[in-house]
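My questions will all concern the structure given below.
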Amino acid sequence: MNDALLEVRNLSVDFHTARGTVHAVKQISWSVGRGETLAILGESGSGKSVSASAVMNLLDMPPAHIVEGEILFGGQDLLKVSYEEHRALNGKRIAMIFQDPLSHFNPVYSVGWQIIETMTAHGRPADQARARALELIARVGIPDPEAALHKYPHQFSGGQRQRLMIAMALMLKPDILIADEPTTALDVTIQAEVLALLKELQRETGMGLVLITHDLGVVAEIADRVVVMSKGEIVEQGTPREVYHAAKHPYTRQLIGAAHGKGEINILDIASPVLLEVKSLCKTYGAFTALNDVSLTLHRGQSLAVVGESGSGKSTLARAILRLEGVDSGQAVWKGRDLIGMTARDVLGMRREIQMVFQDPTQSLNPRMSVYQIISEGWDIHGLMPDRTARQAKVAELLEQVGLAPEHARRYPHQFSGGQRQRIAIARALALEPELIICDEAVSALDVSIQAQVIALLDGLRQRLGISFLFIAHDLGVVRDFADTVLVMKAGQIVESGPTGQIFSASQHPYTQKLLAANLDPDPDVQAQRRLRASDG
Amino acid sequence: MKPLLVGALLASTSVTSALAQTGTDITVVLSEELDLVEPCMATRSNIGRVIMQNISETLTELDVRGDAGLMPRLAESWEDKGNGTWQFKLRQGVTFSDGSAFDAGDVKHSFDRVFSEAITCESKRYFADTKLTFDVVDDTTINVKAEPAQPILPLLMSLVTIVPSETPMEFVRDPIGTGPYVMTEWTAGQQIVLDRRDGYWGAQPAVTKATYVFRSEPAVRAGMVAAGEADIAPQITAEAADNPATDFAYPNSETVYLRLENLDAPTSDIRIRKALNAAIDREAFIGTLLPAGTELAVAMVPPTTLGWNPNLKPPAFDPELAKQLIAEAKADGVDTSLPIEIIARTENFPNVTEVAEALTQMLTDVGFNASLRMVEVAEHEQFYSKPYPEFEGTRLVVAQHDNSRGDPVFSMFFKYASDGTQSGVADPALDEMIAKASAATGDERAALWSETFAYVHDTIVADVLLFHMVGLSRVSERLDFTPTIATNAQLQLSEINFK
Amino acid sequence: MSQASLAKPPRSAEKSAAATVLSMLWRDKLAFVSVIVLLFVFLCALLGPALLGDLATDQNLRGRNSPPFDLSRGWAFVLGGDALGRPMLARLIYAARSTMLVAAGAVIASLIVGALFGLVAGYMGKTVSQVIMRLADVIMSFPSLLIAVVVLYVLGPSILNMILVLAITRIPIYLRTTRAEVLEVRERMFVQAAIVMGASHWRIIGRHILPQVAPTLITIATLDFAFVMLAESSLSFLGIGIQPPDVTWGLMVSQGRPYLGNAWWLAFWPGLCIVITTLALNLLSNWMRVALDPAQRWRLEARSTTDE
Amino acid sequence: MTKLIGQRAVASLLSLLVLMVLVFFLSRLTGDPAVLFLPIDATEEMKEQFRVLHGLDRPLLEQFNQYVLDLLQFDFGDSLRKARPALDLVLEAYAWTLPLALLTMTFVITAAIILGSLAAFKVGGFFDRLVSIVSLVGASAPDFWIAIVAIMVFSLSLGWLPTSGVGSVAHWILPMAVLFIRPFGLIVQVVRSSMLSAQSSAYVKTARAKGVKNLRLIFIHTLRNGMLPVITVIGDQAAAMLNGAVIVETIFGFPGVGKLMIDSILQRDFNVVLAAILVTAVAIFLMNILIDIAYGLLDPRIRQ
C-alpha cells in the first residue's frame, strides 16, 4: 500500500440534520494506486460517495462534520490544507465525474466553455486549453469536435455527455479520477462503451481510478480491487473475485445473492386463454416512429417482458394499451374487445381490469395523500367497498400482502424508502383486483437487493392470484428471473421475441446479442471470459 | 440603452434649476397643472392665476386691495348710454406682446371668440341670458349693447381677457396679450415661465421672471418655499402653515354651505331646516379643522360683496333647540326618521372629509338619521346640479361656492332661483326678488340684494350656510407681497415687490 | 416531545392535528410571533367594534390631535387623538375590521376566481386556455386606477366595492400561478396513475391537482394580503379608495399625512399597524411554504430542543 | 424565436383589442367630461356645445367606430382638456417615465442581485438577516408615507436634496429611492432563494471539483442560472413601473405617465386614458419580448 497515490484513513463523517445526527461513514479506509481501479460498491444510503466528496472537499459543512481521519495525497493531509490549496488540487491532480451528466453540466454554458474552464481555472492560457479540449473531445469519440465545442449540454445524448464529462475531467491529466456512478443512467450498450473508454484512458494516462457504483456487474467488469460499503462502514474488501466467490460478510452475500440471472426460468403455460392481443400498433411523433407495426399476445397468468433501450418505443406501447395515449393505427383486443376504439364509458370498466405500476414510486404516489387514501382511491372511483371497516381491513390485508405493516396506512409516501413506496404502488394496483398489471420499469429506480425483493413479490402475486404481467424494462438481466416470454424492441419495432430461455441462450437477432453482451455479469470470471471472447472476435 | 439614459439625465439637468432663487426672478408653486394657457379660460382659477392681468388684461378690473371698486384697465372710461348700451373708451398706445397695436377690433374679436361655437370658453357663462352686440365706433371707442339691459356690464368686462384679432377660433398654446408678461416656456407637466416684456403700457413691475411649477401635495408646496425652492405657494393647508413669518391667511371668497332641498321631506319643513342650522357647532370648526380667520357665513357671498347684509347673525349652536324643533315637526306628522345623506366631495377644500364627518356627527347627535357619503368630483356634480337623483330621504350637499366678483348676481340665481342649476329652493317671491335686484343699479341694487339675503337666511332658511373660508399662502420672506381675496383666482405679478 | 421523529417514525400519530400545527409553529419562533400578532389583529377586527361602542366614533373638535403617551384622557388616548379628537387606539382597533375585511375579501375572492379559471385553463385544451390567458392579459393591462374609478362611480364607494376593485386586479396573479402549476402537476406520474385507475376529470382536479397547487396559492395569498392592504391605502391616498365614515388603516395613514409635520402619530400608528401586519404575513407565508409541504414538514416537526 | 415573437404579437394584439373596447365603453360609464371641464355654473348650452365639439353627443357605437377608424390612421384623438393630441401627451410623459423606470430598475436589479447573492452565500448569517428584515420592512410601508417622510427628512430638515420636481440630477434621487424600495424588497428575496437553489445544483459541484474559484462560482456559474426565475419577477416589476409610478410621480411632481393617467382618469379625458393604456400595453409588450430575449441569452435551452 505504500505506492498508494491517494489514501483515506479512518475517516468518519457525521451529518447534523434537523432530525438528529447521522453517522454517514464510520472509520473507513481505502487507497488507490497509480494505474489501479478501486471500486466502492454500495447501495443508496450506504455512504459510498461520502469519502469521495471529502476527498474533493465537496461536503457542505455544516451539515457535514468530519469527526476524524485523514486523506493523504502527495504527502499532505487533504483535510488539513487550506481551501485555496485544496482548490488548486481539484481538477488538476484529482478530478471527478458524476452520475447524470446532464445536471452536472452547467446548462447555460457551452460544453467547450466548461471543458476549457478546467484549464483556465488553473491558470493555463486559453488557446492551449482550447487545443487540448479539441484533442480530448476527439479522443472520447465525439464526432466533429470543433462544432461540439460550441454546443450546449442538452444538445448531446446521455452517453455523449458522459464522454464529454470524462474529457473535461482529463483536461489536466489528473493523477486520480473519481467516477461517481458514471454509467447508472445510461443504456446498457452505452454503459459498456463508457466503461471501455474509461479503461482505455486509464491505460493511456496511468491514472488511479476510483469508481463508485451500486452495480456488481460494473465491479466485475472494471475493478482491480473493491470495497463494499453498508451503513457507512466497509464490510468487505479485496479483489472482485475474492469478494464474489468468498464473501464473508452477510451483507455482501445478500448483495451477491440478489443479483439476477440465477433463478429458474419461468415457462409460459400456452394452454391458458388469451387475455390481450395487440395487432399492428403504429404511432409516430412527427418524424419519429415510436411504434412500428407492433403485435403481441398475452395469456392469462403470463408474464411478458418487453425489453428495449431508451427510445425503443416500449413505454409508448404500455401507454397505448392503457389508453393514456392515442395511436395512429392498430388494435389492442382485451378479452375480445378493442381497447383502442372503446368509448370513454367503457374505458372506465377496463380501468379496473388493467392496472399499472410506474417507474418512479416517488412520483407516482400523490405526496399529499396518506397510504390509506392512495390504496383506497380506486374503490372510491369505482364505487366499491362502501363499508369503512371492510375497507380498513382490506387495506391492511393488501399492505401485508406487499410486505408492509397495516399501521403504515396512516403515513405519507415521503416517510417510506424507495422500495417501500414501490410496494405501496403495487398494493394500489392490487386493490382493484386487476387481471393485468403493466409494470413500466417498475424496478429500475431501486437498489439491486430491493429489485430482487420486488420482483420476488410480483412473481409470488402472479402465481398466487393468477395476475398477468406486462413487464417493461431496459435491462435484460432484470427480466430473466421473472418473465416467461421476452420481446426485444428497437426503434419502435419488435426485433425478436420468444421464450425467456431461448432469448438468453440462443438469441437470433444481433441487437439482442449486443444487449446480452453489454449486460454485465456480476461474476468477474464470466466478465473476464466475455472480454476475452470479444477481443478474440 | 445607456446613451438614452445619459441623454435623459443631461436633458433634465439642462432645465433651469428651480433651486436658489435670486434677484428678481420668482418661482410660484401651484397645486395643479394647467391644462390650457388660454386667455378665454382665464376665469378658471388655476389658469387665471397665471394669465390674468399678467399675460392678458381685461377692460376693467375690480379693486380688491382698496375700496376703489371697478377700476379702468384697458378701458380708460365707460358710460351708460342707456337702452342697455355702454360705451367704452379704450386706452391708447397699448401693444400686444406680438407687437401689434390694441384697438376696438381686438375687443370685438375677443368677445366673438368667447361666444364662438368652435371653442368652449369659460367666460361665456357670465353672459348666459344676455345677448351682446358690439359696435366699433373708432379704434379707441366701442359700444356694447346688452339685451336685456345689463346693469353690471362694466363689471362683467373684468372677466373677459382681450386677445389680438388675429387669434384663431381654437385654443391657443402661445397666449398673446397686452399684459406686462409674456409666456416664454411651457413644458407640459413641469413648468411655465413668464418673462417681463418691454413695451408694456403701464409701469414696469419688479418681478422680471416668474416660473410656475406644480405640486399636488400641500406639505411639499409649503416645504418648497421653506427650502427656498419657491417663493410663493398660493394654496397650502393649515397643517402646513406653521410659520407666521411667511404664512398668510386671507379670505379667499369661497363659501361653504349645506345645500338643502326645500321640496324634499323632511327638509321641506322649515323647522327641520332650522334644526339643522341649530345643530351645527360652527365655532368648533374654526381654528381646528379650518384655519383661524375663517368666518361664519350668513350669505352665499363674502362680506366684500355688494349688498352684503351686516345685520344677519349666524344661527347659534343650540342642540336643545334643534331637538325641540325636530320633536315639533315630528308631532306635526313630519317623518323625521327619514335618512339624511350628507354628500361631500373629496379634496373640495382642505380637511373636507373631517369637516363632513364632524357635521354628520353633529346632526346625528341631535337625532337626525344622518350618514356621510364622500364622492369624487364627477359624482358630486350629479348631486349638486339639477336634475337631482331620487332618494328616499334627502341629501345635504356640502358645497363650496366662489364669488370674488363683487356682485351677488354671479351666485344668487344659480343657488336660489327656482330655475337655478344648483338651487334647492322653489319660491316665487324669492325668484322675483333676485330678478329685481339683478336688474337694479347703484344703491338700489345693494339694498335689494341685502333684502334678498335676509329673506334667504331668516325668512325661509333655505340652506345651512357655514363658513367664509380663508386661504393660506406661503410667501417667501424676500418678497413684499400680501395675498388678497383675489389670490384665489389671480396672482398679479405686478403686485409683488422685493424687500 | 424530545423523541426525534427519525428515519421511520411511529411517532404518536394520534396527536391531534391542532397540536401538530402548534408544535410546528413553535419550532419557527418568528412565525409563532407572527401568528400571535395576526390572531390579535383578527380578534380586534372581530370583537373590537362591538367592545368599543361609541368610543371610536365620538368626536371632540376642541380636543383634537392630542399627543400620545398621555394617560390623562384615559387609556384610549395612549396613542394620542386624531384630527377629530377621537382616540387613536380605539380608531385603530375599529379600523382593523374593515381593513381585514377588505384585504381578506379581495384576496379570497380573487383566489377563488383566479384558481378556478386557472384550473380550467391548465386542464382544458389549448383553445380554452388561450382565451382565458388572453383575458388575464387584458385584466393585467387594465389600469387598476380606472377600475377603481369605474366601480366607484357606477357602484359607489363601499367596502364591498373596494373588495371588488382589488379582487379584479389580483385575479391574474392566481390565474397564472394556478395554470402554470396545473400544467406541471398534470404531467406528474401520480396523475397518470389516477387516470389508469379510471379517475374522472373532477376527481383528478379536486383530489390530485388542487392539493398540490393549494399550498402555493395559500402562500401567495398570504403575501397578497399584505399587498392588497398597501394597494388599498394607495387608492385612499389618490382619493379613490375607501371613504369615511368607513375607515381602514390605509385611509388613516392617508388622512394623517397632512399632519406628519405636527402630529406624526396620526399617520404613524396606522402605518405601523400595516407594516407589522404585513411583516407578520410575510413571515407566516415563509413558514407555510415549509409547513404545507409534507416532504419538508419534518423540518418543523418536533425534535430535541437541544439540537441547534 | 422570431416565430415565438410573432405568436406573441398576434396574441397581444387580440388582448389589446379587447382592452381597447373595454376601456372605451367602461370609461364612458363614469360620467360626462363636459361637467368636469366646464365650471359648475356653466349653462346647458355650453355643455352641449362642448359635447358636440368633441363628438360626445353622438351614439356610443358611432363614437367607437370613429375612434377605431382614426386609430387605424394612427390618430389617437385630442385630449378633451388640453386641446392637444393625446398621443403627444402620452409620449411626452413617457420621456420621463421611461428613464425613471429604467434607471430605477437598473439600480434595483444591480442591488438586488449583489445583495441577494451575498445573502444567499451565507444563509442565516447576520448579513442575510439584515437584508431580509430591511427589505421586508421597507416593502411593507405605504409608499406615499415613505415619500413624504423622506421629503421631510432629506429636503426640509437636512436640506440635502430638493423636495420635488425635475430640475437636476439631485431631483431624481428621492423619487428613485422611494420607487426603489418595494421592487428591491421583492427581487432581493427571489434572488436569494433562487441563488440558494442554484448553489445546491449538481453543476456547482462539478465546478468545485474542477477547482473553480469561489467568486467565479457565485457570479459566473450560479448567477446566470439563478437569474432565470428572477427575470420573470423583474419583468413583472418593470411592467408595473412602465404603468407609471402614480404615487411617486404625484408627490414629487414628476411629469410621468402615471400622473398623466390618474389625472386623465379623474378628469374623464377619455382619449388620453385610452392612448396611455394602449401605449403602455405596447411598451409592456416590447419589454416582454426583451425579457424573452434575455431568457434566450441566459439559457441556451430556450433558444430553440
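Going in written order, the chains are labelled A, B, C and D, and every chain counts its residues from 1.
In this section, a residue touches a chain if its C-beta (ideal position, glycine included) is under 8 Å from a C-beta of that chain, and two chains touch if they have at least 3 such contacts.
Here the structure is a predicted model, which means the values were calculated and not measured.
Peer 1: Give me the fewest steps it takes to get from chain C to chain D if each step has to go to a chain it touches.
Peer 2: 1
Peer 1: Just by CA atoms, which chain is the most central one?
Peer 2: Going by the distance between chain centres and the overall C-alpha centre, it is D.
Peer 1: Please give the pair of chains with the highest number of C-beta contact pairs.
Peer 2: Here the largest contact count links B-D.
Peer 1: If you average the Cα atoms per chain, which one ends up farthest from chain A?
Peer 2: Most distant chain from chain A: B.
Peer 1: With chain centres defined as C-alpha means, what is the inter-centre distance between chain B and chain C in Å?
Peer 2: 46
Peer 1: Report the inter-chain centroid distance for chain A and chain B in whole angstrom, where each centroid is the mean of the CA atoms.
Peer 2: Each chain reduced to its C-alpha mean, chain A and chain B end up 86 Å apart.
Peer 1: When the centre of a chain is set as the mean of its C-alpha atoms, what distance in Å lies between chain B and chain D?
Peer 2: 38
Peer 1: Mind pulling the residue numbers of chain A that touch at least two other chains?
Peer 2: none
Peer 1: Mark out which residues of chain B touch at least two other chains, giving numbers and ranges.
Peer 2: Answer for chain B, listing residues that touch two or more other chains: 219, 376, 378-379.
Peer 1: Provide the list of chain D residues touching at least two other chains, using ranges where the numbers run on.
Peer 2: 30-31, 148, 152, 250, 266
Peer 1: Okay, what are all the chain pairs that touch?
Peer 2: Contact pairs between chains: A-C, A-D, B-C, B-D, C-D.
Peer 1: Over in the complex, which chain D residues touch chain B? Could you list them?
Peer 2: Its residues touching chain B are 30-32, 35-43, 45-46, 49-50, 53, 79, 81-84, 89, 92-93, 95-96, 98-99, 102-103, 106, 148, 151-152, 155-156, 159, 162-169, 171-172, 250-253, 255-256, 259-260, 263, 266, 268.
Peer 1: Going by the contact rule at the top, pick out the chain C residues touching chain B in the complex.
Peer 2: 57-59, 61-62, 64, 83-84, 149, 152-153, 156-157, 239-240, 243-245, 255, 257-263
Peer 1: In the complex, go through chain B and note every residue touching chain D.
Peer 2: Listed in rising order, the residues of chain B that touch chain D are 1, 4-5, 8-9, 12-13, 15-19, 33, 35-36, 38, 43-44, 117-120, 122, 124-125, 128, 170-171, 173, 187-190, 213-217, 219-220, 223-224, 226-227, 229, 376-379, 381-382, 384-385, 410, 414, 421-422.
Peer 1: Inside the complex, what are the residues of chain D that reach chain C?
Peer 2: 11-12, 14-16, 18-19, 22-23, 26-27, 29-31, 136-137, 139-145, 148-149, 152, 239, 243, 246-247, 250, 261-262, 265-266, 273, 277, 280-281, 284
Peer 1: Give every residue of chain D touching chain A within the complex, in rising order.
Peer 2: 201-203, 205-213, 216, 221, 224-225, 298-301
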